[in-house]
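Below are two complexes that have subunit A in common, paired first with subunit B and then with subunit C.
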Partner chain A sequence: MTRLAKRIFYKELVSYKKRSSTYLSPIVFFLITIALYPLALSNDPADLAFLAPGITWICVLLSTLLSIQNIFNEDFEDGSLDIFFSLRVSTLSLVIVKILVNWIFSSLPIIILSSTVVFLLFLPSESLVILLTSLLIGTPVISLFGALAGALSLGKSSILGPAIVLPLSLPILILGTSAVSSFLNGENPSFYFLMMLAIFIFLLPLICYACIGALRLHYE
Partner chain B sequence: MNKTFNNLKTFYHKLGSSPWFYKISGITIPYVALFSFLFLSIGIVWGVFFSPTDFKQGDVYRIIYMHVPAASVSQAIYYTMTVAAVVSMIWRMKMAGIFIKSMAPIGASFTFLALISGSIWGQPTWGTWWIWDARLTSTLVLFIFYIAIISLYSSFSEKKSADQAVSILTLVGAVNLPIIKKSVDWWNTLHQPASIKFTESSSISPEMLYPLIISIFGFYLVVLLSGLMAMRAEIAKREINKEWFKNY
Partner chain C sequence: MLKVDNLSYAYTDKYLFENLNLYLDIKTIIKVSGSNGSGKTTFLKNISGILQDYEGEILYLNENIKDISSPNIFYAGHKNGFKDNLTVGENLKNDLRNPEFDLDKIKNYLNDFGCEISFSTPLGNYSEGQKKKILLSLFASVNADLYVLDEPFSNLDDEGIDCLNEIFRQKVSEGSSIVFTSHENQGKSSQEINIDDFKND
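This part shows the complex of A and B:
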């Protein structure tokens, strides 16, 4: 199982490297949406600093939506998923590795990039660590939901994915932004981190099996 | 004991058969319609015309006889859909899929009714149509879930996979709804917004409570009625070419 997982991992890395648009477009989207907020709301540093955690979280959430269609679609279209499901190999490792690679390519660059909000949105620099930690813990859950939505809406209209992911990821958005704002209020944010971690651990097996079930629907 | 269990088992198996359901629902629908009309009219008429006026809110409060039943029904429908989703996932029962497909639009409309009647109630009483209160927010999320389920169903052309996909989404939603509710509660205590509180615990007097209970019961009967009719229509749609349907 681990050997298989490793092979899928390398295969996924190579295929993501070849299609640079899949990981570049979320980055571009993230930067543009971050730039939209000061233009639309105000350029006052005090206002922006107050809104920065929320804006950053919303932008991260929306940019990860761009990549959910890519998680399974490529393999679905070229038939490799078909082969996977007809072979008697562990589909669980396939799903987990695919979610992991998708997170590495679509969420991780955005998380690293989001440290620029210290300059762009005047986020107090001492709370940057808290924001990055909340993103690091929270985005895997969003990737899980994204994978489920991608699996359910394979080959369907692309509006279906966001309609599934966004309501499901409300708790993560609330907890993630609450962590930063509670830190800015001088409280200890560890409660929110632990809560997000608990949600991740609770949902990981559930969503993975739901993904397998959803993928199987297309091969019945 | 064993006999009752066996009876339950045969009942469960019968429940999975669409001809049986089609026949039984055809017989029961008139009675359910009669009783839902009775309960609903007694509840609403008693509530609107004969129950005492609230000394704080005046006559506006009478929308409670619409709002509370709709809100209670909107959540109950999701719970029943969750049970059907489990049945559909484990035993692949055809009727469970038909149930989810037929109940989702009904649930969505009652959730919408709860939201609308709540804001019509809120305007004259608390001076605002909408507030980002914990309960309102989670009802709105419930509404979005219903819409997502309906749109996911309509995106599949194959009924069987549509049923399974919708069951998966319903289950994941059911697991998530308590988390959403809890996190919205935390969020609400963190951003203590206005002094308006919808969740004020106040004891309701019996003269107001009895029509409310009757009206809630009437709403459940209406849901049962519309559910039976929608499921019947769905069975007819799916099995129009089957032999039993042609001979019905």
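This part shows the complex of A and C:
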């Protein structure tokens, strides 16, 4: 079964690489929205630095939404899910592989690009590590919610995706921005990191099994 | 090889078919016919273990199909499982049904189908008929005990139909069995069942 999971992982990588819109759209969306804030809000570096953690996190959340909700839809439409089930591929491996590859392509580039907020939003460079760490821990949770939304809305309208992901992601958004803000205020942000990590560890098995149930629901 | 006992399948409250019985021996080809929407595809998904919420029992090599961890069944549905944005070669190489990718074997079958395909071209550039021939070349190159094929003769030209009948004959002579659906008079089979006969209106 591990061999099959490896083959799915490789196929997903090849498929995502060829489907450039999946990872380019979130990147372009992120860069444009981040660049618009200084124009619309203020050009005062102090104001922007104060708002930077929140703005960055909101932009990351909205950007990842663009690709995450279709995580299972293509496989459902082209019949790949039928083949997975006929081969008795472990649904758990399938769900984990799909979430992992989606995170690599939709969230990781944005996390790297969020370094640009040091220039665009005047975020103090010493807090960049804190921002990146919060995104590294927080975005996998958003990917989990996205996978659940994708599995639930299989073959249906995509409005269900954001309706599920956005409300569920609010705690992560609050913790992520609080981590950076607390660091800027001279406090230790480790509490927020630990909370986000705890949420991820708690949700990982829960959402994976919920995804399996939701996928199976379409085959009953 | 495959024994279907009193199989019934319902979507919501309406039964597609009821009390379907079938025995499939080795070296047998069964054609499943029926009108549109009669449940042919559903029946194939039942015997492949994809749809498991049926009533009755399906035994594959005397074991319940639901309990088998890796049945040697090749399933090719109406949707081919290929991705249009990948090249033909990438699709075939990464297809999970194809554990040992043999490029030459697939090329030979594509030639038999009279199909000129470049493996480095995106699959989306080809017509539905050509995609069908690529899928059938994959089917021909894979070794399985049971092949479950949904509408393999649709979108095929006369040359393709003859070639597929020849591959069927070859697979059966190697000891495999085939179950396929068709609502046309195509495909030579040793047995035929009509899903419409198992409706209880």
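Quick note on the criterion: the second predicted complex is superposed on the first by the 219 of 220 C-alpha atoms of A that agree within 3 Å, B and C clash if a C-alpha of one lies under 4 Å from a C-alpha of the other, contacts with A are read in each partner's own complex, and residues count from 1 in each chain.
The rule we apply is simple: a residue touches a chain if its C-beta (ideal position, glycine included) is under 8 Å from a C-beta of that chain, and two chains touch if they have at least 3 such contacts.
What you see is a predicted model; the values in this text were computed from it and never measured.
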{"item": "First, second, both or neither for A:178, with subunit B first and subunit C second", "value": "first"}
{"item": "Partner chain in contact with A:43 - subunit B first, subunit C second, else both or neither", "value": "neither"}
{"item": "A:2 touches, of subunit B and subunit C: first, second, both or neither?", "value": "neither"}
{"item": "Contacts of A:89 with subunit B and subunit C, given as first, second, both or neither", "value": "second"}
{"item": "Partner chain(s) touched by A:19 [first = subunit B, second = subunit C, both, neither]", "value": "second"}
{"item": "Which of subunit B and subunit C A:153 touches, first, second, both or neither", "value": "first"}
{"item": "First, second, both or neither for A:207, with subunit B first and subunit C second", "value": "first"}
{"item": "Common interface residues of subunit A - those touching subunit B in one complex and subunit C in the other", "value": "220"}
{"item": "Touching residues (chain side subunit A, partner subunit C) in the complex", "value": "4, 7-8, 10-11, 14-15, 18-19, 74, 77-80, 82-89, 219-220"}
{"item": "Touching residues (chain side subunit B, partner subunit A) in the complex", "value": "89, 141, 144-145, 147-148, 151-152, 155-156, 160-161, 164-165, 168-169, 171-173, 175-176, 179-180, 182-184, 186-187, 190"}
{"item": "Subunit A-touching residues of subunit C, taken from the complex the two chains share", "value": "45, 48-53, 68-71, 73, 75, 77-86, 90, 94-97, 148"}
{"item": "Interfacial residue positions of subunit A with respect to subunit B in the complex", "value": "148, 152-153, 156-157, 160, 163-164, 166-168, 170-171, 174-175, 178, 181-182, 195, 199, 203, 206-207, 210, 213-214, 217-218, 220"}
